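Note that the chains take the letters A, B, C, D and E in the order they are written out, and that residue 1 is the start of every chain.
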Amino acid sequence: MTTTVQMDFRTRLQNWIPKLVLAPSLGVIMVFVYGFIVYTVYLSFTNSKILPSYDLVGMANYTKLFQLPAWTLAITNLAIFASLYIVISIAIGLTLAIFLDQKIRGEGVLRPIFLYPMALSFIVTGTAWKWLLDPGIGIEHTMHLWGWASFHFDWIKNSKYAIYTVVLAAVWQTSGFVMAMFLAGLRGIDNEILKAAQIDGASNWNLYWRIIIPQLRPAFLSSFVILSHLAIKSYDLIIALTGGGPGRSTELPATFMYSYTFTRNEMGVGAASAVIMLMTIAAIMIPYLYAELKEVK
Amino acid sequence: MSAITQDTAIRTGRVTRMLIYVTLLVFTLFYLLPLFVMVVNSLKPLSEITGGNMMSLPKTWTIEPWRQAWSSAQIGVEPTGLKPYFINSILMVVPAVAISTVLGALNGYVLTKWSFRGDKIIFGLLLLSCFIPFQIVLIPMATVLGKLGLAGSIPGLILVHVVYGIGFSTLYYRNYYASFPTELVRAAMIDGAGFFRIFWRIMLPISGPITVVCIIWQFTNIWNDFLFGASFGGQIQPMTVALNNLVQSSTGVKEYNVHFAGAILAALPTLLVYIVAGRYFVRGLMAGSVKG
Amino acid sequence: MGFLDIQNVTKSYGAVEVLHRVDIDVQEGEFLVLVGPSGCGKSTLLNMIAGLEGITSGDISIKGRVINGVHPSKRNIAMVFQSYALYPNMTVGQNMTFGLEMHGVPKPERNAALKDVAKLLQIENLLDRKPGQLSGGQRQRVAMGRALVRNPDVFLFDEPLSNLDAKLRVDMRTEIKKLHEKLKTTIVYVTHDQIEAMTLSTRIAVMYQGFVQQLGTPKEIYDTPANVYVATFMGSPAMNVLPSRVVMHDGTSYAQIKDANGADLLLKFSQANMAQWAGKEILLGIRPESITDPDGADRNSGNIVSLRNRIGVTEPAGADTFVTMELCGKDIIARMRADANVGAGQEFDFAINMDKAVVFDPKTEERIAP
Amino acid sequence: EDVEVLHWWTSGGEAAALNVLKQDLATKDIGWKDMPVAGGGGEAAMTVLRARVTSGNPPTAVQMLGFDITDWAKQGVLANLDSVAKEGNWDAVVPTALQEFSKYDGHWVAAPVDVHSTNWVWANKKVLDGLGIAQPKTWDEFIAAMQKVKDSGKIALAMGGQPWQEATMFDGVVLSTGGPDFYKKAFIDLDPAALGSDTMVEAFKRMETLHSFVDPNFSGRDWNLASAMVIKGDAAFQMMGDWAKGEFLRAKMVPGTDFMCFRTPGTAGDVTFNSDQFAMFKLKNPAAQAAQNEMAKAIMSPGFQSSFNVVKGSVPARTDVSDAAFDACGKMAMQQLKDAAANGTLLGSMAHGHADVASVKNAIYDVVTANFNGEYDAKQAAAELVKAVALAQ
Amino acid sequence: MGFLDIQNVTKSYGAVEVLHRVDIDVQEGEFLVLVGPSGCGKSTLLNMIAGLEGITSGDISIKGRVINGVHPSKRNIAMVFQSYALYPNMTVGQNMTFGLEMHGVPKPERNAALKDVAKLLQIENLLDRKPGQLSGGQRQRVAMGRALVRNPDVFLFDEPLSNLDAKLRVDMRTEIKKLHEKLKTTIVYVTHDQIEAMTLSTRIAVMYQGFVQQLGTPKEIYDTPANVYVATFMGSPAMNVLPSRVVMHDGTSYAQIKDANGADLLLKFSQANMAQWAGKEILLGIRPESITDPDGADRNSGNIVSLRNRIGVTEPAGADTFVTMELCGKDIIARMRADANVGAGQEFDFAINMDKAVVFDPKTEERIAP
């Protein structure tokens, strides 16, 4: 008898298969995501213009990037857009989920109505909202036709307010999805806890505010992550809705990056802005992932 | 999950209920408004749109815009309508969704039931990959596809979508499988089933709810993709690129009614998926307790 | 008229009536246990007392005041749930004072109450933890603490121990008992564990299929069960019920049964009124502890019948040994002393304490004697 | 052998025009693989082109504008068309201003299809007649005319607030303010002195004046909706390139009687142009190269040049094509193009990438749109222009 | 050398050793029960036998063949899990034959085996249902059926009854016992319920913190526990352990204890070897059933000591009444007959069966007598 563990062939095979199964996905991700990120970082230090070039120019692209007023604007816009978009989407999603959870008649009809915008592509969303928000033909026009002459809603035409219309359309598109996540969270709460709170004398308000909403933490976190990454990646919607205008007032980092890389033939600057964006995403995601993976055993 | 049918312990008064219904109604209108506008205007002749109120119902009803958008609108040099592109999209979406879903399921299975040293880091890497902005991968991706000889082909497109779909599908399945007892796998091992047989016979048949979520997610994302389709599709352009060509022509006449009809046509499959499978969506989210 | 009065209470979900005209009155300071199998309506009744479910018909009153339509928070009731239902987002301290806070009790008073109760339950050092960081037994105590700080008219417990492992369950049982003896608050307690029911209660209501089968002290329930259901439900191992027939010999009534070999045996009744059943079928109920080895038989009993029969399986369980034998074609369980000299398959003299036998009508399954 | 053509002509008229070329090639047994990508005036197509080129699989021919051609030529990915050009004598028939873009380093790399010019004004004749306004000849007359329209309650200037539309207007305004030399100095030579000069300040001031004639809803509007406003008589003027003509013709309006076309007041004799060209990409396969050459030849054939441009509303890139098939506006445009080419006042349009490379063009866009939307006043705008252009070079 | 040999087996997770040099050999046909509190390593050991966890050091062999590296499917063992782990997507029949299918058994044979086992377990009418449509007890049977069809060398059970309610648990326990008596297959069975352990096993291994504390027959474990831990773990209510001292009178050894009033009492030892501990501290272990009312005392015992003391709480539990009293400052539990005449607070004569007393060394907590 020997104490060294001699494994039979099947055991060894079964030990290897999981790793082999995971390998293609991992390999593909390493190349097509992380490899490309490294490549982009490299490009951001080169003088690439219309096509990638490999002549290093140091920090020049970054210096230039931060001198561009449009970049500052894009960052500011992102801050406004992302914070409003996330807060409002979560507020609406949570409200709708709570309301839908009250044994509402017709929940089965309402749920898909709230969800369907998520199914539409940016071209559809952008075009439809562009029309609705246009004072000349959209809601304002209709209100005037219906006799409400003082109705005024021309934010999309106003460089100060246009970014808020982007928030509106973005909220429209994703708040239903957030609703679904909260609804799933609400349905997962132990009914007995709610009974306990009622016996403790909690009003409906206290019940939600003190007992239920604090327990929706996972739903909040997931919504936050999904919404923030959508906000940072927002490109399609801007292009379809405002095209970055009026002026460049609705420019976001994503549109900025795209335009410098592909239409202004300054790939180096574009890459630099992409690197900054990636760093922002990482700053949000990595702590979240860390917490998440530690918790889930 | 049976919890969906659980009764809510919360009771609400009559006034509160009224308020709730009113709020829900208002939001219903908010969500339906753009769809209403698109549908209404796709049923009007062009002159009524440029001249009138876009909220009003058509004075002359016509399905001509729909017919045009489907079969005779000018997408490129040929007046083909969206029809041929629809096929392209299907050819691309179905395999891409299927492959990324299966890979996600396998990955989730490995990561939860066959854990090994470093699996969490791998999961973290896969998860983080969901968040890469697609614009930055365009150029290096083109190089790689060119080298692989896949540029401008459906397999190339499928590859791209699968690569960027793995992260989310893995996430969904991992969270779902994590809630299943590992004993199931152990029992099957003792019964003599190997890795793939356990997956095929035990795990896959119980993955219904999360598969719905995953398919909805992947299907809408891939179907609605424009950037990759335009860049790597070559001759085989998907529906969104065609719709874009229809809607975005810059120096020609804009036939808005046809555009709206086309937009709805392009969105139809995803809408259908949501309506048919939407019932299972919340259930699937619950089951998968989506985290991220 | 009791302290807590349940009068003629019915509950229907849609067309299904799950509670049928339940009538229970609970005196002040009583410990009433509701027992019954899963789905018999225990939780439903408790929830109706708490105000968490509507009452279909009938009245529930506390201290003479009908509370049918009163909101749960206004009933001055505290409840402990099976799953404890602790608020996972709050600390133990916050969990326990939440109810007081909701009732507008000022902070210093809340803290004083919290301190007292925490001391009583010996969880003073846990007050800052979250429920997720507690063991099962600790959670159980917090759940009780949450109810205790309130000083309610009535405590409701819905299977508070069923999530604990056997050992902890025994400990907690004793603690609840002590607590009740100290506080003397009225308690309604749901369980489907009959040992819990027996040891804790001052009275037990045995429920089955929405009906209260019997309401009485543990001793009444155990010794004079109202029907076969109650008899077999209470007691572990369950009471042996033998299909039998009453025969008369010399003016004395006997129960006629068959042993493992099919031979007829006669067991003399201690009960006086069996003559009227002469010649009729009955069901004879004998508890396992009334079938012993001769040495183990109750020395105070007036009617020990000896019965020779073949032993089936033996199950030594430490303190006792359980022995199976066949009577009337059924497996009968007997409880022996741990070191009774019994071996599977051998013939053995069993001693049956007929003083403790119970007789049922085979048709209605109601008890007819004693 | 097939040719694969990447372009963004997807609207009805344009695509129909291109179909002429396709059919022409079909007679020579050359197949046509269509690769249309619309969006952002070719921006999306350029993105796709990058992907195609980096993947080593470029299309045969790509619709391209101005400096993009030069930029791609610099990358060494364009084919050499000298032999075809020599055969067709392109050097003689294509205006030199166009050749600057069609040739790189002395070699032909692209075949020009059309010439659009951007310093046009379109007007509704009925509205003008109704208010007794004649065709304005000078800037001041133009302003006075618009004031009159505005006073009447109608919209004086129909426009769409998109950066490229604003820049298109700016082309005309700068040309009219500073004349062709100034335009050249500022936009083509990118002379900082010119960019920051008082003349430039004046040009921005004129933009502000124009802004006052625009309705409040202009922002984000598509150019053809603006045209529709003129067509319907809600507005009087639109400053837009000659592609707008198609909208008027489609509405069954007749040039000269229902609508008027004239050069931006103050720019008579000058033409700011942009030219769609097909840049030809280097191919490995000789058969494909042959097809490519055939395509280039077909594009430059007078027949195609005429029939395409009639449909498209532009004028042929060859100056020797008969104007018989063109309408009044078209005939006028062809004549003016010929003259301007001869006089050296045929200038590349800044707004359409025929004056500067993309980065500079967009940098100018940024300033123009900021000024037009009230963010910078004229002085500030001129100063910012210098800065932005310097940064983009 | 046994049928299933566990030799010197150690298991570590990273740096933490959770099983320490475990040595158990199981004979063919034996029913070995592993008991111990949560987290003591029971499941880990079972999983190692099954091949689901690697072995850090040591050997496990079946029929003399070392199986350390053999794949679970090749060990010819069957396992029943706590949560049953039935495949939710398959019918009962498919669940049960899946293992055979995986081993390439042809369909007719599979069906034959299925039929036999289904009949044995009386689940023939359930074969087409899905597990979700079964009750707890039915699921349990299916889980066993899945193991039974395989006809394995060894059965492994990991707490198969812990998900059932008390009543069902008792029933299923008996069935498992019968099954083992019929099939005589070797079984290793994990539980933390000591009654299950006592009634089912031929031998018990009591585990605690990764060590096997004692390995022996149920009687050995119950009557002569190796140490205080084993003594208090097995038996419910737990054995009373009194800090005491050995005193000698006339050559006889006594245990000196204090009653509720603090007065000294002497209990005569039955054990012969106590003299050597004279004057020393010991721990005296007496099980509740050895402290009774005088009538209930074991008539066969040679050494019943009478002891008058004040009764604390009484807990009538149907078949028995549990009585608490204070000795040496600790609550001591006594088990009386159900109708013993006891009332809280009154003075009472307890009868202690010192034959059954166990003595431990207070330092090592090891048993020193008997």
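Heads up, the rule we're going with is that contacts are C-beta pairs under 8 Å (C-beta built on N, C-alpha and C of every residue); 3 or more make two chains touch, one makes a residue touch a chain.
Since the structure is predicted, the reported quantities are computational estimates derived from the model, not experimental observations.
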Starting at subunit B, how many touch steps does it take at minimum to reach subunit C? 2
How many hops, at fewest, get you from subunit A to subunit C via touching chains? 1
Chain pair, most C-beta pairs within the contact cut-off: A-B
Sort the other chains by how far their Cα centres are from that of subunit E and give me the top one. D
Length of the line joining the C-alpha centres of subunit B and subunit D, rounded to whole Å: 39
Centre distance in Å when subunit A and subunit E are each reduced to the mean of their C-alpha atoms: 56
Cα centre of subunit D to Cα centre of subunit E, whole Å, reads 92
What is the distance, in whole Å, between the centres of subunit C and subunit E, each centre taken as the mean of its C-alpha atoms? 26
Among the residues of subunit A, which ones contact at least 2 other chains? 10, 14, 51-52, 195, 198, 258, 262
Could you list the positions in subunit B whose residues touch two or more of the other chains? 9, 138-139, 141, 194, 244, 247-248
For subunit D, what residues touch not just one other chain but two or more? 40, 47, 50, 53-54
Contacting chain pairs, sorted by label, are A-B, A-C, A-D, A-E, B-D, B-E, C-E
Where on subunit E does subunit B make contact in their complex? 47, 50-52, 71-73, 75, 77-79, 81-83, 85, 87-90, 98-99, 102-103, 146, 150
Write out the stretch or stretches of subunit B touching subunit D in their complex. 50-51, 74-79, 138-139, 141-143, 145-147, 151-152, 227, 230-232, 234-235, 237, 241, 244-255
Using the touch definition up top, name the residues of subunit E that touch subunit C in the complex. 38, 165-167, 170, 174, 177-178, 181, 192-195, 198-199, 218-219, 222, 234-238, 287-289, 295, 298-300, 313, 315-320, 322, 335, 337-339
Interface residues, subunit B side, partner subunit A - complex: 1, 3-4, 6-10, 12, 16-17, 20-21, 23-24, 27-28, 30-35, 37-38, 53-56, 103, 106-107, 110-111, 114, 116, 120, 122-141, 144, 162-164, 166-167, 170, 175, 178, 194-196, 220, 223-224, 226, 240, 243-244, 247-248, 259-260, 263-264, 266-267, 270-271, 273-275, 278-279, 281-283, 285-286, 289-292
In the complex with subunit A, residue positions of subunit D that touch it: 40, 43, 46-47, 50, 53-54, 71-72, 74-75, 161-163, 215-221, 357-359, 362, 366, 369-370, 372-375, 391-392
